[in-house]
Structures are given as C-alpha cells and as structure tokens.
Amino acid sequence: MIVQIKKDITSDEQQQIFEVISQAGYSPKLIKTQLAGYIIGTGTGGFDIRRIGSLSGVSDIHRVTDAFKLVSRMWKVKDTAIDLGNGLSIGRDAFTIMAGPCAVEGPSQTLKTAIHLQDNGLRIMRGGVFKPRSSPYSFRGAGMEGLKEMAEICHKHEIKIVTEVMELSQIDQMYDYVDIFQVGARNSQNFNLLDALGKVDKPVLLKRGMSGTIDELLQSAEYIFSGGNEKIILCERGIRTHEHAYRNTLDLNAVPILKEKSHLPVIVDPSHGIGIRRFVEPMALAAVMAGADGIILEVHHSPEKAFSDGQQTLSFEEAKKLYLKANQTYQFLKNL
Amino acid sequence: MIVQIKKDITSDEQQQIFEVISQAGYSPKLIKTQLAGYIIGTGTGGFDIRRIGSLSGVSDIHRVTDAFKLVSRMWKVKDTAIDLGNGLSIGRDAFTIMAGPCAVEGPSQTLKTAIHLQDNGLRIMRGGVFKPRSSPYSFRGAGMEGLKEMAEICHKHEIKIVTEVMELSQIDQMYDYVDIFQVGARNSQNFNLLDALGKVDKPVLLKRGMSGTIDELLQSAEYIFSGGNEKIILCERGIRTHEHAYRNTLDLNAVPILKEKSHLPVIVDPSHGIGIRRFVEPMALAAVMAGADGIILEVHHSPEKAFSDGQQTLSFEEAKKLYLKANQTYQFLKNL
Amino acid sequence: MIVQIKKDITSDEQQQIFEVISQAGYSPKLIKTQLAGYIIGTGTGGFDIRRIGSLSGVSDIHRVTDAFKLVSRMWKVKDTAIDLGNGLSIGRDAFTIMAGPCAVEGPSQTLKTAIHLQDNGLRIMRGGVFKPRSSPYSFRGAGMEGLKEMAEICHKHEIKIVTEVMELSQIDQMYDYVDIFQVGARNSQNFNLLDALGKVDKPVLLKRGMSGTIDELLQSAEYIFSGGNEKIILCERGIRTHEHAYRNTLDLNAVPILKEKSHLPVIVDPSHGIGIRRFVEPMALAAVMAGADGIILEVHHSPEKAFSDGQQTLSFEEAKKLYLKANQTYQFLKNL
Amino acid sequence: MIVQIKKDITSDEQQQIFEVISQAGYSPKLIKTQLAGYIIGTGTGGFDIRRIGSLSGVSDIHRVTDAFKLVSRMWKVKDTAIDLGNGLSIGRDAFTIMAGPCAVEGPSQTLKTAIHLQDNGLRIMRGGVFKPRSSPYSFRGAGMEGLKEMAEICHKHEIKIVTEVMELSQIDQMYDYVDIFQVGARNSQNFNLLDALGKVDKPVLLKRGMSGTIDELLQSAEYIFSGGNEKIILCERGIRTHEHAYRNTLDLNAVPILKEKSHLPVIVDPSHGIGIRRFVEPMALAAVMAGADGIILEVHHSPEKAFSDGQQTLSFEEAKKLYLKANQTYQFLKNL
C-alpha cells in the first residue's frame, strides 16, 4: 500500500500510521522525495485500508499489489511529466526527441551537434563521456573534461544534456554539468548506483537491462523513487535474443505494457536497439505509434568518422527528416 | 545466381546453360513456377556471369549471394504483389487486413464474422479448422467439415479464406475451399510440407518459427518458391525470449529487415504476438509504421466465449476501430 | 486422472467408467496402446477417485495433475524400459550409446561404421536418410534407397537403426527397415506426425524443439503415447539462446527434470548440442552424470570428409575412448 | 600481443618496446600486476613479433588474437592456480568446494556453518552481507557489521570467506575481512567495479552475467587482470533463456569452452543455476564431469528457515553427501 502523507505531518501522526500498518502485519517505510512524502507498506495480508485513510496526517491511501509501488500506475492514474526547467518537460502531453553522438569527441563536434539540434528545435543532447566498453583496452570516453566542455557549449545554446553515469562516485562531479543522468543497460540492476541517484534532484533516464524483464526495470525505477527522486524516465533499448540479424531485439511490446503498469514516461532508443542505420527510422516511427513518449537517437555530423563505427548513427540530414516524421507521427497518433 | 529463362526455351538451350554453369563450378537447378522459369546456380566460386547472359534462352541473369535466392531482393528489386483474384492483391501498393476467429466454431459464428468483415470492407477471413495444440486432449479444430461450411458462407459473401494446413495430405482436401494456405509457426521448418505447397497454385502465408531466425524464414520461403509456387506472404508473429510479460516478443525489427532482404509481402500478427487484447492495437499500428504490408487479427463476436480463451481476441467493436486506424496509419505513412 | 483398465474389460464396464467420469465433470478418453488400455479423464474439478477404483474392469486409478498424463511419473513411479528385441532395451537399468554418421553416404561408410560399432559393443546406429535442411538446394539425404542399403548391412551385423522420419507418409515405407523412428527438433510439434507415430509399434526417439520447453516435449510425447504407442525415448539436443559460442545450448538441466517428471528414458545428444568436436566428450560425460539413460553421438570413419562439415563429428578413435569413458562414468554413478 | 617484461626493466628499455610496438601500428599499454609486468599491444596489423622478442627487458612475447589478452590461454598454456594462503589454492590440480548460506543471518548461523564446513574438510564459506535484491523493500543484507562478525568466527575456524562486493566504495571497508571478493551476475559488466578490483591484491570470483556471453565474461576478467590483479576465478551460474522450468539455464557448455579459452580456474554454481534443491546434486556432479575446477553451493542448517526461501538450499546432511560425491567424481575424472 502507498500512504500519501501531508507535507506538515507531525512525528506523532507519522508514528501512529506506522503502528496501524505494523499491526496489520505490514512493514512501513517512510519515503521523502523532492516532491512529496509517502509511507509504503509492504506485506501480504489483507485489511481495510480505510482504517489508515481516516488517520490525521494522511492525504490519501492506495492499495498497490504490484511488487513495485511508487512507480506503479495503481496509485497514480495520470501520466507523470518530468520537468526539466525552461518550460521543457518529458512525458504526459509532450513528445521528446533527444539526439547526439555515441561519444563526446570534442568541442567542434559538440558545437556542430548543438547547432544542428537548435536548427531542428531539439533541446536535449545525448553524448557519452563515460563509456561502458566490453574491452578494457577500448577508449572509455572523454571523462569529466569532456563533460565540462560539452556543458559549456550546450548551455550556451540552451541545450540540455543527458549522459551516462557509471559509478556513484561520479554523481557529485557530474551534477553541475548534467541535466539528465542516464543509467545504461549494464547498470540497470546496479542497485547502489540506483540508490544514490535517488538522493539526487535531477531526472534519471533508466535503461532496461539486456536480459532485464519489464518488471525488473520497474523495480529498478522503484529504487530511485524510494530513494527520494521521483524524476524517472524509462527507456527501452532492446533485449538479447537468439536473433542476431540486428544488434538487439528492440522490444516495442514493452512500450504499451510499461505505459499501463507505470505512470512514468517511456522513451525508446532505436539506435542501440536495432542498431542498423537505415532501419532506425522505421523502428523510431513504430515506437511512436506503440505509444512512446519520446525517442533517443544517435546522430553525428560525419557518421563514418564517428567514434562508434557509426553503423547505427544517422547523419544530420537523415536525422532532420526523422525528427519531422516522428513529430508528425506523434501528432497523427494524438488525433487518431 | 539466378538465370531467368524464356518461356519457349528449348531443351538444347537449357542443356547448354546447365553446362556453362557446371563448368564454372556451380550446381544448376531448374525451377518452374506457375509464373516463370529459372535456373538456380549454387556454389561459391566467382566467374563472369555475362558468359551466361549472352546464351540463347536466357532472358536475364543475376548474381545473388544470399543463401536464399528466389525470394531475395537481390534479383527482384520491385515488391511482389500476390494476386488473389477478384481484384484483390497483397503487397506492393496494397495494405491488407485479415481478421477472424482463432478457431472456426460453426456456421453462426462464420456468418457473423463474414458480415462484420463485409461491413468493414475486409475481404479475407482467418479461422483455423486444423488447430495445432500442445496437448493431445485439447480440441483440435472442426476439420474438413468445418472448412466446407466456412467456405460456403465466406464465398457467398465474397470473403476469401486463409487457414492453416498442418500436414501435406490435407492440401488436396483443402484446396477447393481455401484461398491462402497458412503455415503455422510450429511447421515453419516442416520442409516436406513446404515442398508440397510449392506444387500448389494458391498463395501461402508462412509464419516465422518460435525461435526461427529471419534468414530461416526466408529459406523456408525459398522451399515453396523453388518448389514452383511464387505466391508467398511472410508473417512475423513473435519469437520466444526470456520475457514472459506477454505471450511472445512480437519482433517488429523483422519487418524492415525482411522488406529489405526479400521482395515478398510481410504481414504482422499482433494478436498471436503480444497476445494481450488491449495491446493488440498499439502493436498493430506500430507494425504498420514499421513497414508491414498488412496485419492479421483475431476477432470474435463474443471474445469471452471464443474457443481460445479470448485473451488476445478483439470484439467486433474494438476491431472496427482498429481497421480504420490501421488504414489511416498506412495512408499517413505513404504520405509521410 | 488415469484409469488403468483390464485387458478383458467389457464394453458395459467401459461404458460405466465413462459415465462416472463424465458425471464428475471430466472428459473421458479411451486409449489403447500396444501394451495396455487406459481411460484418461481430463478436467479441473476435484472428486473422490476411489468411486472409480471400485468399478469392475478397473485395475488401478491415479490422480495426475500434470498437463501431460500417460508420460507423467505421477502414475508410473518406476522407470520405463523400451524393449528393442534381441535382449536390447533402453532405460531403467541400461545405459545406451547410439552412434553413427550425420547422413548415410553409402554402403562402404555403413559397413565401416557397423564394424566399428560391433567392435565396441554398440548395437544401435544413427544415420539420416531424410535430412531436414534449411536450404532447399542442400543435399536432402539418400532417401529410401539409402535406408534399404543401410538396413541390409546393419541387420547382417545385428545393429539396430535409429533414423529420422520427417513426414507421416514416410512411416509405412520406412517401417520394415527402421528400429527406432527419430523425430527431429524441427518436427517436435508436428502433431500430425506424432499422432501417426502413435499408431506404430516401434520405438520413437523424440527430440526437444529448438525453443521447446520441457513441458512441451512431454506434451509431444503424450501425443505418441495417447495415439497408442508407449515406446518413447526423450532426447535433449540443445536449445537456442543468445549465446553463439557453440552450436546450441545443450541444456543438461532438462535431464534431472525430465527424469523426475516422466518415467520415460532420457537420451542426450552432445554432438548436435554443443556442436564442437573437442567438447563432445566433456558434455557427454556431464550428461551421464546428470542422469541421462544414454547418449547419441555423431561418428565418422573420416570426419573431415563427412557429409556434414564434420565440425561436431568424432573419429572412430575418439569415439572409442568416449564409449569406454561414458560406460565407466555410468557405472561410477550407479555405485556413487 | 603480450610482452612479458622483466622485473628489473629500465624505463629506457620500456620506452624502446613501446616505440617498436607503436611503429608496428599497435597501441602499447603497460600492465603491472601483483605478480609480474606486461606490455599489451592492441591493433590489427601483422608484423614479426620476433623484432620485439630480441629487445632487452623482454622475457617473452606472444601473439594473442583473442579480444581478451591476459586471461587468454594463447599466451599461458598452463592452468593458473589462485593461491589463497595457508596451503590453499584454487585451480590447476585442486578441486574446490565453497559452501554457505545465501545471506549471513547472524553469529549462530555462521558458527554452525563453520563447524559443518570444518567437519567436512571444506575451507571456504560463501555468504552474502550485501545482497542485490530486485526490490528496494527487500532485506539487503547484514552489511559490514555482519561481515565483521562472520570474519571473526570464520577465521577462528580457519575458514576463508567469499562474499559479494556490490560497489567500489565497499572494497576498502571489506578488505580486511574478505578472502575472495565475489562479483555478482548483475555487476558482471560494472566496469568501474572491475577496474577497482584490479587494484586489490585479493582473489576475485567473477560471475557470468545473466545474458552475458562467454567472451564478455572473459573481457570482464581482462578488466581485473589489466587493472593489476591476476587472481581471478570465473564462475558459471546460469543464463536467462525462454525455459522457466528452473531458475536459470545452468550452461555447462561454458565450462569446457572457458577452460580452453582461458588459463583461469572455472567454478560452477548449481544452486543459483538450476535453483531447485533436489536437482543441485546432479548438476553439481555434471559440472565436475564437464571439467569445472570447483563448485559453490548454498547450504543452511535449516533450509526452510533460511533467509532465501531455501528453494535451492541444501541441508547440512544433503550437502555432506554431495561434498563426498563431488570429490569422488573429481578423482574419478582425473583417473579416467
């Protein structure tokens, strides 16, 4: 169960709620986020939740039988919008396109990308400075210096930054330069990192693990929310299956299911999903039609020279056409 | 390589082509379909195909390095349209919706469905009379009697029939009553059945196996084509993965890849894919946007009472809305 | 539930059993195999099965809650032994090694293999004459002529034959020449073929499908048993997963689970499983230790020249060592 | 390529090796471990490695074409033994059984387990104090206090400890109390953690990821080795597949393949693999026969009351029998 508590709840009131929950055989846990307060009761018995609803300090109470609680739609029927400031938000009535390079290569690349985004009305740049690489001998990203350079250029052009954090000790260093922390597929169940991101008041884009289930993704999101941060964006990026005709099996089935199970926005990454440049567009448009709140794309001013081998990277020209089509598709779906 | 041969080729001309191909270290094989004649050369060496192009009896020659040949787009750039007669065709510039029950239950159901289809401008009914069931104790379908009843009603209402054939001995019995033979996922590599369907001059809807790869689907299609039947429709219906939040992982990635690799039409089955009634619509629309030439849907006048437990079956009202939306989406994509 | 009925049951007695079962809300089905008679009751209600136990004509009655019935260990606690005649049987207290080529190539190969088997005390040769091939242009086996030649040599050397049947129309032709009909992974849910093999009084080696579950394998076995043939050998041969470092993921977990769920013998195919020659031995020995009743191996007098590319095929010398080790391992486990 | 360098190499000598490697178009990287020094050259060109072999400061040079280098068997043919002190080592000619509870519950449990291990000649206890849990509301382990208590008891009884580290900031705290750091499946590609464990002079037990490939496991091991720590133990613990009849698909195919590709010891975890108590024994014995250097087991003095629901946990009595059988199986295989 989720008990929404009043901002001005007293410790006595809180104590009493805890007692009633405990007496019912449930474990109470207090959650304070940047936006509100909750008491979560976990357990299996059944009892009349109205007994809690009438207690003072309680603003509302909900039975939530999902394993995840705060990210469930069972208590929050309305879509959540993630506010990024400057009139920009993700989810609910917005459709968001994030785009940028696989890896941040240097100021010239960032500047070209920023101008490209601005020219096309996009406001969020993706780009890795800490890169998870299978081999220790591969380039692991431009690091904090790269991020600082990126941030200087992006913020001058009023472009927000979404970039991957790989380790909790990086959070503090990155904080001032990042608008959205990205958690990559390999860290989708790095619970210490998720816990730590729960303490941060910046949005988190959480990717599904390579063999992660939909429910595990939501449980991972619950770590962040129950840690204190409500600003979570879910991201489908493809799962591993027997089929190797493409990079990953982009699982669009996850989109309507996540949208039903959770009130959080859902973004799709067709670039890392199907992973083949000429198929990014149909999968991006299919994702919109499946109900995604946005897409995240890999673009580069010169894909052949991109740090990644560019197999999945769109040129600015290709991307420009896709932005238009994706936005039109979103409008078409709204009016359908 | 594929050598397209002239209709009036003499046996001497044919003999000479075989010799040149053999001398080049390739194995020649003559293929005669209901539409044309081909000589396929399989092998690995490289040689100047123009040596064959200039032989008499040859109308064209193509190098095809795919493992599958006749279903490859490497020799036939233009989309294939499958002609069903009565001005109805599948693929190329058409968008096709097939709909009907999981299993044929009786004349009353068929009649209701036929009228529903007619009212909505649909011209092809799906409905199984031979049902592949995991358990031998389950109902295995209404059989030939059911098919005959179905055919009588459908053809009266000018509705074509697509239904599953499970065994090659059924082909002859079914022939007069069926417009499209469906090969189910479990028979996707039943090569004897595929061979036999190559001898038939009726279209075949070939479903991808549960753990079938995209290339295996095309190889299975090659069996039918090389058996003599060019009228093949490919069908993506979901693969088995670790995720069990839905019935199957409908793999929309397969759509643009199949469309690139092959000239054959590609149909998507969201009902058996995601397998959850309320998610059939978003997956169907996503499939259209991914580039599908059509969709195949499970509908029933009373889904709760359907032979299948109806978990994936749309009511007529739900289906009616989806037909409209799917057609609009197809038009939208055409104009995008 | 499974009602074991007496050999001399009268039709009146049978009728009465049907009535009691039907009254209890179950569907009765009469099964006659080459060995015995059964009435299967399928349904979901609960009732006192002793009411049936006391009816005349009944020899025993068992509650079986598995979806599969006759192949379940819930009614038959003791391991089944499959009698092959000539004092040879599979399962229960026997450990069986079957070996031979991927494909039957000709009399010289068969003779060499037969002598090799005899020299090593093996009594069953594998070898395909009907080969399921992904591509229609590949060699599809030596066919009936190949089988007849194989049978002549094998039976002269008192070697039994296990070979794949791909289509039900082949059963009759093959019957006189085959000792065990093999159903391949691609036909694991070819229910018409399974039904037809239920009508045959020869053992069937049933392979698990590429993405088949353990329960589906048992359901497929139930088709054969309920068709009338109790002589079934289950075979684990690897499943498809994301890992492509080997040919298939040989799933030894299936061995103890199948042995617990079913009374039927379980054979493991490490050659088609891991599919890499030098790893066949460790996987074969691991299979024995996991509890397999036997193994089936690919061997060839000259693996490099084998019809299959021989990547998984053992030489006679390698095989000889493995036979010894596998038998010793089986004895070791018996005494452990 | 891997250049083994002499302990007393001068910086001039090192500089010269770097130059020759660079001139050949390779990237040189210096690796210093607790045991030796190496220069790794990564690149794709081909050149005569003898040019480097003759340089001063070089003790040996090896061409290693695997993506992973230092963990590859291409340069180190002999099995690596991991020295744990007190005459205890893992790999090469040793067979190791580690056992203990899923989670450390308290001193009484630890003491009982320590005595049980001692009584059975086991010298390494497993037991989690930091537990990765899908849900943030689950018990996450006894933490550092639990570890200290565990260490006090274990070290009194001369039992070594293997326990999971989830976050790099835990390494220092845990260092004095841990004998082997375990990296769990969910952190198998947590590259920052792997890097940090490369700086530690204690062995690391590295588990394969849930959808990790064999090569990815070796690449992750390469992170640790190239970070400076040669003491790595690989662990197969099951992968995620479509089959849900058991907890995970314990992939014994990985054992012989890992043993061939790498010189590192390979341990198998049948408890978290198949995950069903009564099947742990057959899978453990199969693992030994597949060539594993050891097994890691979940045991509890009272499995029903274990922190985990105990579904996969052996009782002391069951475990005792398995220890004996596993050791006997190892000896049997050695003599086979």
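Each chain carries a letter (A, B, C and D) given by its place in the written order, and its residues are counted from 1.
Keep in mind that, in the parts below, a contact is a pair of C-beta atoms (placed from the backbone, for glycine too) under 8 Å apart; a residue touches a chain by one contact, two chains touch by 3 or more.
Because the structure is a prediction, the values reported are computed rather than measured.
Student: Based on CA centres, what chain would you say lies at the far end from chain D?
Tutor: B
Student: Would you mind pulling out the distance in Å between where the CA atoms of chain B average out and where those of chain D do?
Tutor: Chain centres of chain B and chain D, defined by C-alpha means, are spaced 50 Å apart.
Student: Any idea how many Å lie between the Cα centroids of chain A and chain D?
Tutor: That gives a centre separation of 33 Å.
Student: How many angstrom lie between the centres of chain A and chain B, each centre taken as the mean Cα position?
Tutor: 39
Student: For chain A, which residues are shared contacts with two or more other chains?
Tutor: 211, 239-242, 244
Student: If each chain is a dot and touching chains are joined, what shape do you get: line, ring, star, complete or other?
Tutor: Shape of the chain contacts: complete, all pairs touching.
Student: Hey, which residues of chain B end up touching chain A in the complex?
Tutor: 211, 213-215, 239, 241-246, 249-257, 260, 273-274, 276, 278-279, 282-283, 285-291, 325, 328-329, 332-333, 336
Student: Inside the complex, what are the residues of chain A that reach chain C?
Tutor: 211, 240-242, 244
Student: Which bits of chain B are touching chain C when the two form their complex?
Tutor: Going through chain B, the ones touching chain C are 27, 29, 40, 42, 67-69, 132-137, 140, 166-169, 186-187, 189-195, 209-211, 216, 219, 222-223, 226-227, 239-240.
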